[in-house]
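In what follows, chain A forms one complex with chain B and a second complex with chain C.
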Partner chain A sequence: MTMTGNGLTTALRRLRRAGVVSLTSLALGITLAAAPVADVEAKNTFVFANSSAYDTMDPHAVFDVGRVAYRINLYDGLMRWEDNPPVLNLWLAESFDITEDGLTYTFKLRKGAKFHDGSEIEAADVVYSIERMLALKKGAAALFIGTVASGSTKALDKYTVEFNLSKPSAIFMATVPEIHVLNADLMKQHVNNDDWGSAWLSTNDAGSGSFKLKRYDPAKGFLAERFADHFMGWGDKYLDEIEFRTVVEINSRVLGLMKGDFHGSDGYMPQDQIIRLRKSDNVNVEEQESMRIFYSIIHNGRSPMNDINFRKALSYAFDYDGFINNILSGSVARNPGPLPNNIWGAPKDLAGYTYDLDKAKEYLAKVKEPIREITIGALAGYGQTEQAAALLQNGLTKIGIKSKIVAEPWPVASGKMRDEQQMYDLLFLWKSTYYADPNNWVGEMYDGASIGARNNSWYKNPEVDTLLHEAQTTTDTALRERNYAKAATMVANDAAGIFIYNTKWFGPIDKRAKGFRFCPIGNGQEMRWVYFE
Partner chain B sequence: MKLLVLVLNRFFWFFPTVLGLMLVTFTISHVIPADPVAFVAGDNATNEQIEALRAQLGLDQPVHVQLYRYVLSVVQGDFGVSLYTLRPISHDLASRVPATLELTFVAVLLSAAIGIPLGVISAVNRNSLLDHLLRVFTVSGLAIAAFWLAILLQLLFAMELGWTPLQGRVDGWGPDEVTRFYLIDSLLMGDLDIFLSAASHMMLPAITLAYPAMATIVRFTRAGVLEAINSNYVMYEEAMGFPRRVIVWKFVLRNALIGTVTQIGLIFGILIANAVVVEAVFDWPGLGLYAVQSILQSDYNAIMGFTVVAGVIFIVVNLIVDIAHGFIDPRESR
Partner chain C sequence: METASFLIRKLAEDRVALLGALLISLLVLTAIFAPFLATHPADIAEFHPVERLQGPATAHFFGTDRMGSDIYSRILFGARITITIAVIAIGVSVLIGVPIGLIAGYYHGWFSDMLMRTSDIFLAVPQIVLAIAIAQTLGPSIENVILALSATYWPFWTRLVYAETRSLQNEVFIEASIALGAPPWRVMLLHILPNIMSSIIVRTTIGMGGTILTAAALGFLGLGAPAPSPEWGRMISESREFLPEAWWYATAPGLAIFMVVMGFNLLGDGLRDILDPRIRRSRAHDSK
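So, the complex of A and B:
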């Protein structure tokens, strides 16, 4: 049967008779009639599109940057990091006292501060919270295990809590904000099989934060409403609700921001997406220098990287300017050492390395061990790490070093990083801010006592260790600053890693939203200051 | 009788098939050199913390012991807990399966409702301009990558024209969950606004999923109709003076549909697999998105839970297809 002049018309008529067109039209009609009206606008709701899934609401279960929003918006700590550069402010505590030996920290709680169920926050709640963290051994617990013994924290009275450290720890104060205070009485009602209420808290709220949980769905995210009785009070302008929604795809987050469906999203998107967002009528892109350094771990414990000359050759073979200015369009700041430029203790006069193949060859000639093929690790799905690996490979080829790139997902890489044999020769990655203290970087990354755990470079320098250990225990801030600066300089001079840049945060925010206070620890996601104009 | 034997036969093979699926998935997920425990414990965890967590999760046991324990618990209806969230996998799956099934059902309906008539039209207009145009349409459907089509649809209908939402399953947080199928739950609530919102959110992901499926259905229906249209009974019916449209849409189509219905069963499985991409682009909170997140986190239990559930859905759908064959072709059930 061939198509005649009226064939198409006839066919469509038949199709219509079959009812398909009418059904389809009906479906489309329903759809188009249902042009969604953003219900959230009427309620003054700020919708944040987040790349990480909120698969738990327990503030003691995880300690990552991607899911920080529920911890800082639904819960409070004794202290809180605010602004950039970060300042440690009193929060639930109204004062604190530290004994001269640096072993006893006493906090006085604000009177009248309330949990979301209306009950008062007491010292016993703080004790319960630290004990729970130590028992569960998850999330931020690693910061306290070894320093705070179980049973050592005391509620001296209703409003006074005393931490008795087992050894002096200069970073203790910096980590206190991570002790998110739970409503002990409420938690005890939901204990199941000695789980410290974990199953219940993974989907519920036992906090006192500026917002209280209203809806939660692990598949979608969470919705929280303003807690009017929050102890910090509220000004004239505030958000009624905040919604943090999981949106995995970058493109969907960007389109959602441009369309106005979302009012904020993460600040570490690729530059091409930032450029798209800057052109949008709905979005402002706020720029801040953060504290998130990009570097390459070098396996210092394995030949030939155990030779400082080889490590220096590697450091001179990376095209820093090409990477920062050409690949990243100048969107980051050169950071020559293991401390972010903007943290106290960062050495001011550290020149770092430059892309200089002659010097690289010079140092390479001094290497006595035979030079084998080098494995450069990158994180699959994180384009910058793969681009950096390719750029280094290019430099190494020019000085006669063979290399291969292995890009593997983070769960694979994070496992290998803890195994001396499986660890790559080099691995490009970022080091984020967990607490705003130099120890978060140089102290965690290059302390010989942490080899195989947080020190994944197998770098050991007794002199650096001495400086770090003194800085970790003294309460003399000036001494700490000097020690960290010296240690960072020594690590850089030893070419223990290839230090490339400090990240800038490009926060896409709806043009009508005001009041943002970016802090590297909260990643700009503390919403109590934000309002719509 | 024949149909009953077929159904019993399928039930007999159901458990060995699911067990085989579990074995393959378990092996693959454990061969990957990832350490989910180090990942779950976080950057700041000490090695002691990691080992304690490994023991707590039973991942310090030999692989065959882990497999034995896993199979035993699945038989008892327990998929274990997520290594990442420590929440029961069954809870996570139960909250996500309806979203994926709802999307897949609508996509299948859409692809069949449009694909079958287009297949018939293509066949009865064989080698005409319309047939060639439909061939271009179907080849495109099979060739275009789902994520690319999804983004194009988003840019056109959501961003440029503003006709549809960009992503998500519904405005706000959806209806009270009874069946967890939003189209049904919103009607049960009698809330037309939520129904319309859910339907509008459904359109772009459903079209993205339905397009390649529709292309397959068009091709199979066309082939089936062409085969049937040359049969003796069609010649007889034409000789008897039946109108052409009655012959094609009533007698020919019924015979031609046997192959198409089989394909729809297979397509259902393919759609669940494609949902992994489509759900990620459209931020659809279903099984696909869950699978992506579980794979990225090397969450063994979640990956296996997803695979088993997807496998069971596929087996059940194929069983339904076999039963449907019996109704379409009475010879099958004799």
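So, the complex of A and C:
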């Protein structure tokens, strides 16, 4: 094939034009890339700098605080926890009914509530969602396995869903908000090899939440736009878009907030940074009492920690005052037991332990088993856990216990926590609020029935178990309160862990953002109430 | 003996290299006499939360860190960790890399090719990435950092020794000793090795600086010695949370790393000028 001179020129011209076009589009691309800054102002975008990455958009896949934003903003449940102290409100459900025996829960759905694709939310979608959770056994599923049997939930009619528990559960209602309702019809189009649409949902949106997923990049975070048809309606003022961006470095978060690039960020920054933020003209630091206790797990199942005297020696060897008042500048409150001071059921007269090396030595002398080197675990990247570990090591050295610190990332540590052999002797970490009920703490952490799963201390005390199981299966609130208080006191007296403080939440928020409502569940990341002035 | 005195004489003439040597001697002395030089030697494992994040003053030359420990004292003790890591990692790399290079260079054949391709595979992966992978898999500790560095550094010596051996092989004195019936080990150890020693020394000196930098990087990423070890990279990593207010926290270990790495690089450059005749000649030519 030959090309005539004319044809060649045409081809060249075409090529040149293509070049011009691509150059223009490149220039456009640059302007577009620069545009979001202007867009932010014009479209009312709230940019939240999140300390950990969003590796999935599947609301049933994870159940932690670092990635709560997409669950709470893109999805809805039948009920929802709001405000502080947390109140359980009707959400997708219009009303509910519980039978006398505490086994059957019937929820009436709001009529006309819509998913993001415009289809109506029906009882069948709720049934699909709980079945999906039970089948995948991930995230919040652990709360329901054992209480809700697969196949037991029924859609009585289009708007009525009935849960049939296999045993009475006092915490079922408190955990209902974790059943995030998925669009069943949409999900069924994306199933691949019985994966319940997991591959598709990990990067897509099948919800009904206040915001609708617009863009998601695991490396950057996600952007979502307001869902105008949301069943809870909207006031006069609202945000058009929300962006949750992953910003791992704390200094970048703080500088971004001070410059006004970010409008919110996590509320548990070191006090030194809070002081810096308070000086900025752009930022308000909102202070709220939260429910997030900091403590050290002690492996009660392993020698010498299986000896109560050794555990007491550990508890007396931690410098609580130095940690709370000096290292954290008094920004948190001492919390002597496994229940946050501000939840009902927390024992009022619990004295707890103090930094007292003489007492520590006294208890250490009573230990019969040989003392060996202790491994103290900390979470890499969470400076506080390392500082606490170092401070404990300091105290242990003074009473003659050798120790070594191992700092590992959260995914590694959380894996080891489930294995009796791999678990560290001690591990410093937080226990956040997943549902506002004492069971979230003492009931999850020290129940002998969930050893290895949620009881990572290998602590087993039949008396505590009896109290907890009674509290978990009765609806008598007074009895529950008494039982949890007793159980918490016994756990503290057994020195099953080193209980240190309850967090205050210091949320940095842009001064122009109003309407903010903090709730310990969701850590103040629900954005539907927020607007810019 | 003669070469040593020649070296010292030449070094004394080269002021920049002398500065390098001085910095390194300072590091070694610091490491040895840390307990005597430190103002708060107990602060390696003892903390005083009340005194945390205080600026440089007479009580604390370089200020205090997040646990209230004296940064000056911790830096002195950190020198020990730095030297231990660098010396062992480089030592192991030389012990692995040099024999492999000699054997691969001396013999011709599939075995020699296999050795060189293996070292190429190691060289193909960016060193820090491989070191991170190894240290992360084995868990954070000084031993594993040393292991990771040794495992990734040896091919540099292999390649150097291989090339030098190949070029020496055609020299008359090597051919002569082979003709006289010397066994291969004798040729390699007594005839080739002494003649390529200078290149190895230069590579080792410069390699020290690189190793210290990589070790600090691993420490910074939390893969080195666990808290509260006074490892320099880890100290910088810890200080990030407190910047820019506690500027001294990152500055002191940063300067320490900077000076030591510069020391090794300057000395390495100086040694190369002296020991590598080709470069020396070109320099002499330039100055005319």
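Following the convention adopted for this analysis, the second predicted complex is superposed on the first by the 495 of 533 C-alpha atoms of A that agree within 3 Å, B and C clash if a C-alpha of one lies under 4 Å from a C-alpha of the other, contacts with A are read in each partner's own complex, and residues count from 1 in each chain.
Here is the rule we use: contacts are C-beta pairs under 8 Å (C-beta built on N, C-alpha and C of every residue); 3 or more make two chains touch, one makes a residue touch a chain.
This one's a predicted model, so the numbers in the text were calculated from it and none came from an experiment.
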- Query: On chain A, which partner's contacts cover more residues, chain B's or chain C's?
  - Reply: B
- Task: Could you tell me if A:Pro270 is touching chain B, chain C, both of them or neither one (first, second, both, neither)?
- Result: second
- After lining up the shared chain so the two structures overlap, which partner does A:Ala93 touch, if you call chain B first and chain C second: first, second, both or neither? neither
- Message: Just checking: does A:Phe63 make contact with chain B only, chain C only, both, or neither of them? Give me first, second, both or neither.
- Response: first
- Message: If we overlay the two complexes on their shared chain A, which of chain B and chain C does A:Leu391 touch? Say first, second, both or neither.
- Response: second
- Message: Going by the contact rule set out at the top, does A:Val283 touch chain B (first), chain C (second), both, or neither?
- Response: neither
- Touching A:Asn251, do we find chain B (first), chain C (second), both, or neither? both
- Give one of first, second, both or neither to describe whether A:Ala407 is in contact with chain B, with chain C, with both, or with none. second
- Note on the structure: Going through chain A, the residues touched by chain B and also by chain C turn out to be 249, 251, 381
- Across the complex, what residues on chain C touch chain A? 45-47, 49-50, 52-53, 66-68, 139-140, 222, 226-228, 238, 240-243, 245-246
- Task: Sort out for me which residues of chain A touch chain B in the complex.
- Result: 1-3, 7-8, 11, 14-15, 17-18, 20, 23-24, 27-28, 30-40, 53, 55-56, 61-64, 137-143, 145-146, 198-199, 202-203, 215, 217-220, 223, 245-249, 251-252, 255-256, 258-259, 261, 381, 409-412, 414-418, 422, 432, 434, 444, 452-454
- Item | Residues on chain A engaged by chain C in the complex (per definition of touch) | 249-251, 270, 272-273, 276, 319, 322-323, 325-327, 378, 380-381, 383, 386-387, 389-391, 393-394, 397, 404-408
- Task: State the interface residues of chain B toward chain A in the complex, per the touch definition above.
- Result: 32-36, 38-39, 41-47, 49-50, 52-53, 82, 84-87, 92, 95-96, 99, 110, 113-114, 117-118, 121, 124-131, 151, 154-155, 158-159, 162-168, 171-173, 196-197, 199-203, 245, 249, 280-283, 285-286, 289-290, 292-293, 296-298
